[in-house]
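Chain IDs A, B, C and D follow the sequence of writing; residue 1 opens each chain.
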């Protein structure tokens, strides 16, 4: 795999490619894409030899965000691709491309209620039949944060968080000690 | 789950459905697999999960991230320390805490002991699946030594909660080092026993060869990692591919096999025992002096907003903790990507058209830990 | 034809080797421990449920009812209450309950304790018939102890 | 025994034999149950039963009492009469072979001149019991166990018979007493080692023991054909299994290990029975030993092994024997 070549291909599919500092965030590339490009990206990733680490949903406003994680065997290249579901809570399945996504998507359906269009067998996997609409991982009313709240604050994250954290935390720590 | 059965039974009339589990000797926990049989051949498999789901991911959203540490140990009861490791590392990355070198060495030593322990239990339990009763007792005999060593330092025998954000909770002593070295010698002297009793046995060879074929492409499609993937010839190990902790300092091989069947992953796991021993040996030799906890670990861990991922190599494959933070000390969302979940998802494809006996041996080769799937 | 016989002999030989291993085991000493009859010595580092330490110098525990353990506990299984008494500096601990059914033995409470008055007990034979057997009153326990 | 021949009518003789048979069946089950658990324990580096009596000696008695006290659970959809019949059918026929076994020159119930055929015929009824038990339980696992058992036993009876037939050609008789007596200078195990090996393998498969315990195969079929059985009906299956083990090992002793021959002991008139039982239990020890050593074979491999190796070898062996007998 040539990463530059792959990057070029990503450009056609994504709205933003962000290189992330592995030492801080634990992955290399952060891709943002439109929801109708998810299947194209999956096909590309499979062709390039990536495997699907997992996919998950995050309940944020205005729409639930889907995060697909890919990684590569031969060299370190961990990719997060994120998109959001549409207003009906639907998104296209990638389980016919990455069969491993089948169960992950069923799990997301169970826990967040995201419906995957054209999924071959979207039955409850973890929940019981009668709890289909439980959606346990949806945040309670009022607890849902806006999508900006969970984004890394300085857009260039490299060494930023460290100096930011220390002063932020210190008063907390001393406060606790005072209490005890 | 009556619906599932209907789906299977509708497909054709002369086949019938066998319910394997949730209480079955070879599913190792509350996993249920519906088998659609034609004679003794499984034409269609449908795993049914969720009997022991504890919703750890939801629990994580309710309390400070630091308090989630004991829960990680309960996801995979065989790789508790490795789960500890992944989670501690995640928070250290996110908050930016430097772990002292001695703590990293201790983490590696105990994690590798944990890995050996997990492999030994799998070894015995797998042989039990294949109908050999004795090897599990020999494997347990060895495993007890590890548990004693780990109990001495962590205080518990199974669901360890030993790692802390910023280090480990307790320093190891000279006794630990001598006991571990004695164990290394002991396990090495036991290889010949395992090899003659089990690995070379013609019945075992016939049971495992050419059963449960996988290839690298299938592994990519299903996200299979760990010994199963290495059994197909791909030398992918997170300890080498994305060296975390201090794994880059050690000299160890990644055992691979090429055939991708049960025998391949069996031998890969068996040979990983030796590699783990080598890592432990090197770590014990290079063990530095110093503190085992980072000097400044804030009491309240405010995680800067953003998302963080931490991947480690669990005995069963890639384990990823993915945390989304909104800037508070309570995770906004924590996703645990457990290896068994993806590994098990290949079963319907891998076991299609197999004899029941082969389904048992193929599922045993996945080294399933059900609480990890129903996390 | 050649492989037919060589396979047979190789297989038979591997079976004989296996028999040799087990017969050797038959005459080697047993490794298990007959638990209720004999007991293994438990390591002093064993993490049982928590207990209040009885200090030799004061003859009792040193809990100042700060509540750090209560706050640190991930499963909320500790209840500490203190009250202000006249003539005594600080608070006096009047309630220290542990709900062991919820405890996950993580050890956070012991590590956070400012006076080091919390420690793990070495008690591991904890089987009981009812839930109430696992609701420990640690203050009572520390008084009853030697 | 000659006294009985002259003084008592045949009927009483049968009753005495039946009582002796019962003693053997139950005594053997006790001894073997205990020995199996002890040996399994020793092989696994643990002590085995230790609690009841000295070194757990009464364990099996207590277990038996417990099983007798247990409820007989009959599944709702089971075929009741057949379900109840199966354990009896597994247990009852084992008495007949005991009647014709020559425990020593003087101790033998009946010396039939078709002794070998009687044993083989009655030993095969066991398969029917397993089939009926597995089918009538109305449990899919049981059914699988039953089907496997039938296929396996039918296949393995062929090499068993053929290997024994080689001995019959040499001795020219079906009478067990005469076959045992024919081995006075050398045991047939020396002359017919191949037949002996084939018989041993077939014997393990016939008694459904590991590594050929496919009808039970508890990691695949939970408990196979006796999944649904409980209490005494379960223990009848176990009794039948141990009695069958005793019978096949006795046959091996009679055909290959010289029956009751051995150095006569000075203090006991019926020395033969001591030697006989010693040989039988040595073989039984071997059965236990291999059970706790090997993994289980797969069903198709089991059948392959029979058709690919055992039957051709036993046929060649038979052919050579016939030629040799003709020439000598």
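Basically, contacts are C-beta pairs under 8 Å (C-beta built on N, C-alpha and C of every residue); 3 or more make two chains touch, one makes a residue touch a chain.
Here the structure is a predicted model, which is why all the values come from computation and not from measurement.
Undergrad: Hop distance check: chain A to chain D, minimum number of steps through touching chains?
TA: So the least number of steps between the two chains is 2.
Undergrad: Looking at contacts between chains, which pair has the highest count of C-beta pairs?
TA: By number of C-beta pairs in contact, the leading chain pair is A-B.
Undergrad: So which chain ends up in the middle if you average the CA atoms?
TA: B
Undergrad: Which chain's C-alpha centroid is most distant from that of chain A?
TA: Following the centroid criterion, the farthest chain would be D.
Undergrad: So what's the Cα centroid distance for chain C and chain D, whole Å?
TA: Here the centre of chain D sits 50 Å away from the centre of chain C.
Undergrad: Cα centroid separation between chain A and chain B, in whole Å?
TA: The computed centroid separation for chain A versus chain B comes out at 23 Å.
Undergrad: Could you work out how far the Cα centre of chain A sits from that of chain C, in whole Å?
TA: 39
Undergrad: Listing for chain D: what residues touch at least two other chains?
TA: Residue numbers touching two or more other chains: 43-46, 292-294.
Undergrad: Which positions in chain B touch two or more other chains at once?
TA: Correct list: 134, 138, 141, 197-198, 201, 203.
Undergrad: Which positions in chain C are in touch with at least two other chains?
TA: Residues 15, 18, 21-22, 25, 31 of chain C each touch two or more of the other chains.
Undergrad: For chain C, which residues are in contact with chain D within the complex?
TA: Spelled out, the residues of chain C in touch with chain D are 8, 15, 18-19, 21-23, 25-32, 34.
Undergrad: Under the stated contact criterion, what part of chain C meets chain B in this complex?
TA: Chain C reaches chain B through residues 10-12, 14-15, 17-18, 20-22, 25, 31, 43, 45-47, 72, 74-75, 104-108, 111, 120.
Undergrad: Applying the document's contact rule, which stretches of chain B touch chain A when the two form their complex?
TA: 1, 3-4, 49-50, 53, 55, 57-58, 61, 90, 93-96, 216, 219-225, 229, 234, 236, 241-242, 298-302, 304-311, 318, 320, 322, 324-327, 332-333, 335, 337, 341-342, 345-346, 349, 374
Undergrad: Which of the residues in chain D end up touching chain C in this complex?
TA: Listed in rising order, the residues of chain D that touch chain C are 39, 41-47, 50, 289-290, 292-294, 309.
Undergrad: Hey, which residues of chain B end up touching chain C in the complex?
TA: Touching chain C: residues 63, 67-71, 74, 134, 138, 141, 144, 148, 151-156, 159, 161, 164, 169-170, 193, 196-198, 200-203 of chain B.
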